[in-house]
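In this document, chain identifiers A, B, C, D and E correspond to the written order of the chains, with residue numbering beginning at 1 in each.
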Amino acid sequence: QTPGVSDDEIKIGGGHDLSGIFAPFSVPAVAAAQAYFAKINAAGGVHGRKITYIVEDHGYQVPKAAQAANKLVNKDEVFAMLLSLGTPHNLAMFQLMGPQGVPNISPLTAARQMVEPLEPWKFGGTASYYEGVRATLEYLVDEEGAQKFCLMILPTDFGQEIEAAVNDIAEERGLEIGAEVSHKPDESDFTGALGKVKESGCDTVGLALGVSQMINAVATAHKLGMDDVRFVVSSAGFHTVVAKGLAAQGVMSGVYAGSGWQDLETRLDNPAVQEWVAEFKEATGEDYPSTGAVLGRSAAELLVRALEAAGPDLTRENFIAALENLNYRDEISGNTVTFSADDHEGADEVFVSRINNGSWELVKTVE
Amino acid sequence: MSLLAVEDLAIHFGGVKAVDGVSFEVEAGEVFAIIGPNGAGKSTIFNLISRLYEPTRGRIHFDGADITALKAHQIAPLGIARTFQNIELFDHSTVLDNLLMGRHIHRRTNFVQDILFLPKVRREEREHRRRVEEVIAFLELEHYRGKHIAGLPYGVRKVVEIGRALALGPKLILLDEPASGLSVEESQDVAFWIEDMRRDMGLTVLMVEHDMGLVTQVSDRVLAVANGRPLALGTAAEVQADPEVQAAYLGTGDAA
Amino acid sequence: MSLLEVRNVETFYGAIMALRGVSIDVEEGEIVTILGANGAGKTTLMKTIAGLMDPEKGQITFDGTPITGLEPDRIVQKGLSLVPEGREVFPYLSVEENLRLGAYTRKGGHAEDLALVYSYFPILKERQRQAAGFLSGGQQQMLAIGRGLMARPRLMLLDEPSLGLSPLLTQEIFAIIARLNAEQGVTMLVVEQNAHIALVTAHKGYVLETGRIVMAGDAETLRNSEDIQEFYLGKSEAGQRGQKRWKRRKTWR
Amino acid sequence: MRVVFKTSYDPDIDLHDHAWKRWGIALLLAVMAALPFLVGDYYLAEATNTLIWALAGMGLMVLVGHTGQVSLGHAAFLAIGAYTDAALMNIGWPFLLSFPVAGLVAGVFGAIIAVPAVRMSGIYLAIATLAVFVIVEEMVILLAPITGGIGGIFAPTIEIAGIGFDRYAALDNFYWLCLVVVALVTWGYANLMRSPTGRSFLAVRDSEVSARALGINVTRTRALAFGLSSGVTGLAGALMGHYIGFFNYELFSIFISINLLLVVTIGGLGFIPGAFLGAILITGVPQLISILRDSANATLGIDLGGIPGLDTMVFSLILIGFIIYEPTGLYGRWLKLRVWWELFPLARRDMFRRQKTYLKTERMR
Amino acid sequence: MEIFQLLIGGLANGCIYGLVALGFVLIYKASEGVNFAQGDMMMLGAFVALGLGNSDQLGLPFGIAVIVAMVLMFGIGWGIERVVVRRIFGQPQFALVILTIALGFVLRFAAGSIWGYSPLVLETPFAGMNFRVGGVVIGMADILAIVVTLILTLGLWAFFAFTRIGLAAQAASQNQMAAYIVGVPVMRINALIWGLSGTVATVAGVLYAAKGAIDPNIGLLGIKAFAAAVIGGLGSLPGALLGGLLIGVVEPIAARYAPGELAQMSPYIIMLIVLVTRPGGLFAQIQAKKV
């Protein structure tokens, strides 16, 4: 008997932050995934089984994440985990999931540890922070002649990956690195850090901060007349609100992002996108799906496709095998999802976008 | 040689000269009372002796040693115990525990031994307990042994405070208004206790008190202070006869 | 009708019954004193009247209106003011601010009353800017009484007003009580350990023991009662007690 | 009502004044020891987690409950314990040695901080410890070679005398290990509280002047309490590291400090059992809420999981309810239940009615 | 020149800390309690203003939206006192700490349920308005933050120093029983002060929101603001402002001139230094008891 699978139900688990500082990602992701499952379930489920997505709130606290894993794996006996948020939280949950081989699908973190080292049960959704930033920097060096990099980062895993990407590119291309400033999540004035950046003469800054902090920092740079400095944010900053917020502060350009999916706003004429935005609005009452929602929906689709492909006799083995054979285009995210036995990262493309007058604009796609 | 000697003691708080050149000596085995109008500096003298306040000038000698430079917690081990005018008990503990806390200076175990509760700790605990029970019997507190301080009436708390000071096993005990808030009957008990402390326990008593009846009854010598300065020193009768003391402190005598 | 009527009041501290059905009457213009040993429940009674504690049973009426269970500030507004046991001044406010707060419920100026309090207790005037928490015990007691006076109450409850005061000041306090009563008709309910002076000043008295009123009468009668003399005035048999330390049982128990 | 005649002081000095209480504790311990045979992995893991929180709670209880000092930085001591233990085991020390040393290191660190900190009290101390916490957090990031920096480290597996005590591979054994540690610490703590040291803690809490007048060195006593507190918390940190298996500095967040404060206050300040009750509340109730939520979904078809943050909100409302209903903590309620039981059927409801209470400034101490 | 730039930014930012700190001090002054939900009140205030003012929401003119938000938040603060805080009257201060920690979660939940968890941007008429004075750029938001904070601090200070109710509030914090027996309606004054702190929190929230985006978790700022209030000497309004300014100014200057990690630790190191040298904060209000 496969855990979490009965004749009419498949239990899927997720450890999320629904009440803490990363709720802006978890909440829409869960809403979008639940909406997707509701639709599938209403249509009869997958091979006659309804999907139940059990979401535990860990509030971005690691001990609670461990508790959530204990409940989901040992009590609810879920079939797989989907969209769990937070790097240390996922790693803590892996402790329990690994020995039992509970598949982990599209966690809400683009840390490399989500797929590396390769394990049969680990599956990442999109390109890592590292790859996103790397592609963006390459674009900036090649197309816009970036010469010197600075860093303004939070001491988190995504900050660290951006740092690694900047360092690697600089080394490979023989470019200089200027000031490296680390920040705290509760910081709200960036004049000093920007002063350091200015002093070291950087033309490009790798920015790994909270969403509100990013807006604040870039707006302050604009205020200080540092309009010639470009900011590179990872997928964590590839958020529609960043573009809107900066526009409100009078910043219309100069911010770049690399991520495994495309922004929705410019693709609203795509009928699939249009349809989903309408569905999402009906399900959640929110006008516009945010980054988290896009990721949540895509992960849900991935799960459903793999379950369908795995056939009616569902086991973790054939589910994993099915996943590894998937290859499809995700219209909503605008990327192509491919897995194989040695590639557990779904969408391998990176989309480099930049802010233009309050919207994200795609400038380059890197395979 | 006198047990306690205070020389030219003074302390100023901003402009207020709370104590301003007070000297006196307390002989071993004596009951010495300090009287004076409100705000005369009596409690402050006590606080200076217990080293809670830093004197502006003057010296304090106890048992032949100068204690002016000691820290407040170094006073009790010398054998000086005190009570407070406004009652400073450990409100969330029982009477028994309050009295046991009075035995602190006699502990001979360290915290590691305490955590392991070695037999030595138990032996000492028994001894502390025995001593405390003596105090309880002496002050007739049996009835209140297990009660929490917070729920006790004012008068009982005053007595518990005296008990805690006694549990320390001091040579000198400082009593700040031991009988305030007590009825006549209870003050009478205090008088007996003070006499017993002196006679049976060999204690020296230094006390501040407004109840002239009590002062007259128990004290050997009385020092009257006013405005931080000594006014008169002598037996209770002598001091009460002093016209200055009468004017500043006693009034017509109706209240006594 | 009495100014203050307390009927059958029972007050608890959790499971402990501190008042066991107390009834007293205070007539307008009287000075009434309550005597009682330690822990008799005097303070509890005062607090219950002032609304600081909730009685479980019984009624309290002030000037004809029931005040049982009212918030204490409402009761003060009706003209009842308490000088509590143990001073309870505002330690970080200056002496003058403490006094001004005493007149919180009153509209209009109170410079006159301030001057009056200062004339009673000149030391307070000297210390008017000092934080009340650093006054000596007796000075704080004066401040608490002064603060009570500032409210110009119709009924004043005084819980051990002489606590920690010098003999001279104790006399003065009771002189003030008598004078306010005589000149301004302020009614007084006084709890006092110094039974001697209390019974000289008061018109009427109650004796409270273990939560019950065990004796009541006018001051004269009480002063002449044997029990009162023995236990509260400390007069008779002092010598004998001194030697034998033998206690006579109170006859009302 | 039981009437007890005592013929020596020993029953008062003993941990339990009646034999039946001793038997009660023995029975509780026996049930706890047998737990792995009685329940499945889920409950056993939760029990282990609760034990660890109770241990950390006892650590903070010494400080907050018994000496009246407040700390908002106790997560720092958890971190120190966890990292020290892991680091020592990584260089080859056996657990039996690294574990106590981890507690010792945390304790000594705590005592050192306490020396300048003892002049502060209440909120001021809380903020100073918060600052210390932030600095420790930075140090953890900086000391990457030992701590793994931002990336974090995996806890080494425990082996004692060839037997595995890994939380994931041998949960039963790990549970017993935690149980033994917790039992020993509880015993030591209870001993402390019936001895002169414990009494000096209480003295310092209730009246500093009196404590000094009785010859208690307030500074030393507070530093000792701080040291013991952080030491026990360090032990809990080491166990927590092993329990979770992977940790980086984000495990030891300010929320952990706040949760620990909840443990001791909701449990009942100043009572050792309070730490356990508080730990049960903080670890168990959120689980209970989510289990109820699931079953509401399964049986009634009410999907409450769709409302983000509802679990946490319900938990918060429960906390608010507790505080309003029983401000003295769970242990206070427990005591009342016991009185009620002992007096049965004589107890009246109104016996436990709260009389009005009033606060006075704590700025004068 | 750069140092002035840093100072301006730091002062403006410090003013926001100071404003949140004022909220802490208000409640502390009236009850010696600490409201751990103060940061969340700031968050809610910002959201209420946003809900009233943003063009895709109610769309009121900015000034009116802020004023209405201040009034509404007064009501919410007042209501919190009436509904929950009052029920633990007279209980140890710890009870309030726990209560407000839990309350913070409830407020976050409320804001999240109404406005969602994604960051939102408050539309302000002064966004992007900057002045150049010499080589220093000063944002309109900075000027507003500084001016409003000064006015509020002064106003509140005067309220406590000169009004009858202000004095009564302080009295109530020092001795609740005594306050009652002089006729101070302690609970009603508390409710008033909670309302005021809601209003002050709204102002802080709006000024904070003007600098970036807001989401239900921005209340986290409250912890640092609380620290500011404490090192100022909790209970002193100018102290709170000073504490806020100190931290606000130290942050950018350290970020600019101090090396790496030290920069981030610097506000906390400053806090430690202040507390070790002055254990009761800059404007210490703690004294040894007279015995």
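Going forward, a residue touches a chain if its C-beta (ideal position, glycine included) is under 8 Å from a C-beta of that chain, and two chains touch if they have at least 3 such contacts.
Chain-to-protein mapping (UniProt): B, C = ABC transporter ATP-binding protein; D, E = Branched-chain amino acid ABC transporter permease.
No experiment lies behind these values; they were computed from the predicted model shown.
Asker: Using the contact definition stated above, find the chains touching both subunit B and subunit E.
Answerer: C, D
Asker: From the centre of subunit E, which other chain's Cα mean sits the farthest off?
Answerer: B
Asker: In whole angstrom, how far does the Cα centroid of subunit D sit from the Cα centroid of subunit E?
Answerer: 32
Asker: Taking the mean of the C-alpha atoms as each chain's centre, how many Å separate subunit A from subunit D?
Answerer: Going by mean C-alpha positions, subunit A sits 37 Å from subunit D.
Asker: Roughly how far is subunit B from subunit D, going centre to centre by Cα mean, in whole Å?
Answerer: Roughly 40 Å, centre to centre.
Asker: Can you pull out the residues of subunit C that are in contact with at least two other chains?
Answerer: Within subunit C, the residues that touch at least two other chains are 13, 52, 91-92, 133-135.
Asker: Out of subunit B, which residues touch more than one other chain, so two or more?
Answerer: Within subunit B, residues 43, 52, 84-86, 88 contact more than one other chain.
Asker: For subunit E, write out the residues touching at least two other chains, lowest number first.
Answerer: 105, 108-109, 112, 117, 174-175, 177, 180, 223, 261, 264, 285, 287-291
Asker: For this structure, enumerate the chain pairs that meet the touch criterion.
Answerer: Pairwise, the chains that meet the contact rule are A-D, A-E, B-C, B-D, B-E, C-D, C-E, D-E.
Asker: Along subunit C, where are the residues that touch subunit D in the complex?
Answerer: On the subunit C side, the touching residues are 11-15, 52-54, 56, 91-92, 133.
Asker: Using the touch rule from the top, collect the residues of subunit A that touch subunit E in their complex.
Answerer: For subunit A paired with subunit E, touching residues are 19-21, 23-24, 26-28, 180-193, 195-196, 211-216, 219-220, 222-225, 239, 241, 244-245, 248-250, 286-287, 290, 292.
Asker: Mind listing the subunit B positions that touch subunit D in their complex?
Answerer: Answer in residue numbers: 50, 52, 71-77, 81-82, 84, 88-93, 96-97, 100-105, 107, 109-111, 114-117, 121-122, 124-126, 128-130, 133, 164, 168.
Asker: Subunit E touches which residues of subunit D in the complex?
Answerer: By the definition above, subunit D touches subunit E via 116-117, 119-121, 123-124, 126-128, 130-132, 134-135, 138, 141-142, 209, 254, 258, 261-262, 265-266, 269, 307-310, 312-313, 315-317, 319-320, 323-324, 327, 356-365.
Asker: Spell out the part of subunit C that touches subunit E in their complex, as residue ranges.
Answerer: 50-52, 71-73, 76-77, 81-82, 84, 88-93, 97, 100-102, 104-105, 133-135, 147, 151
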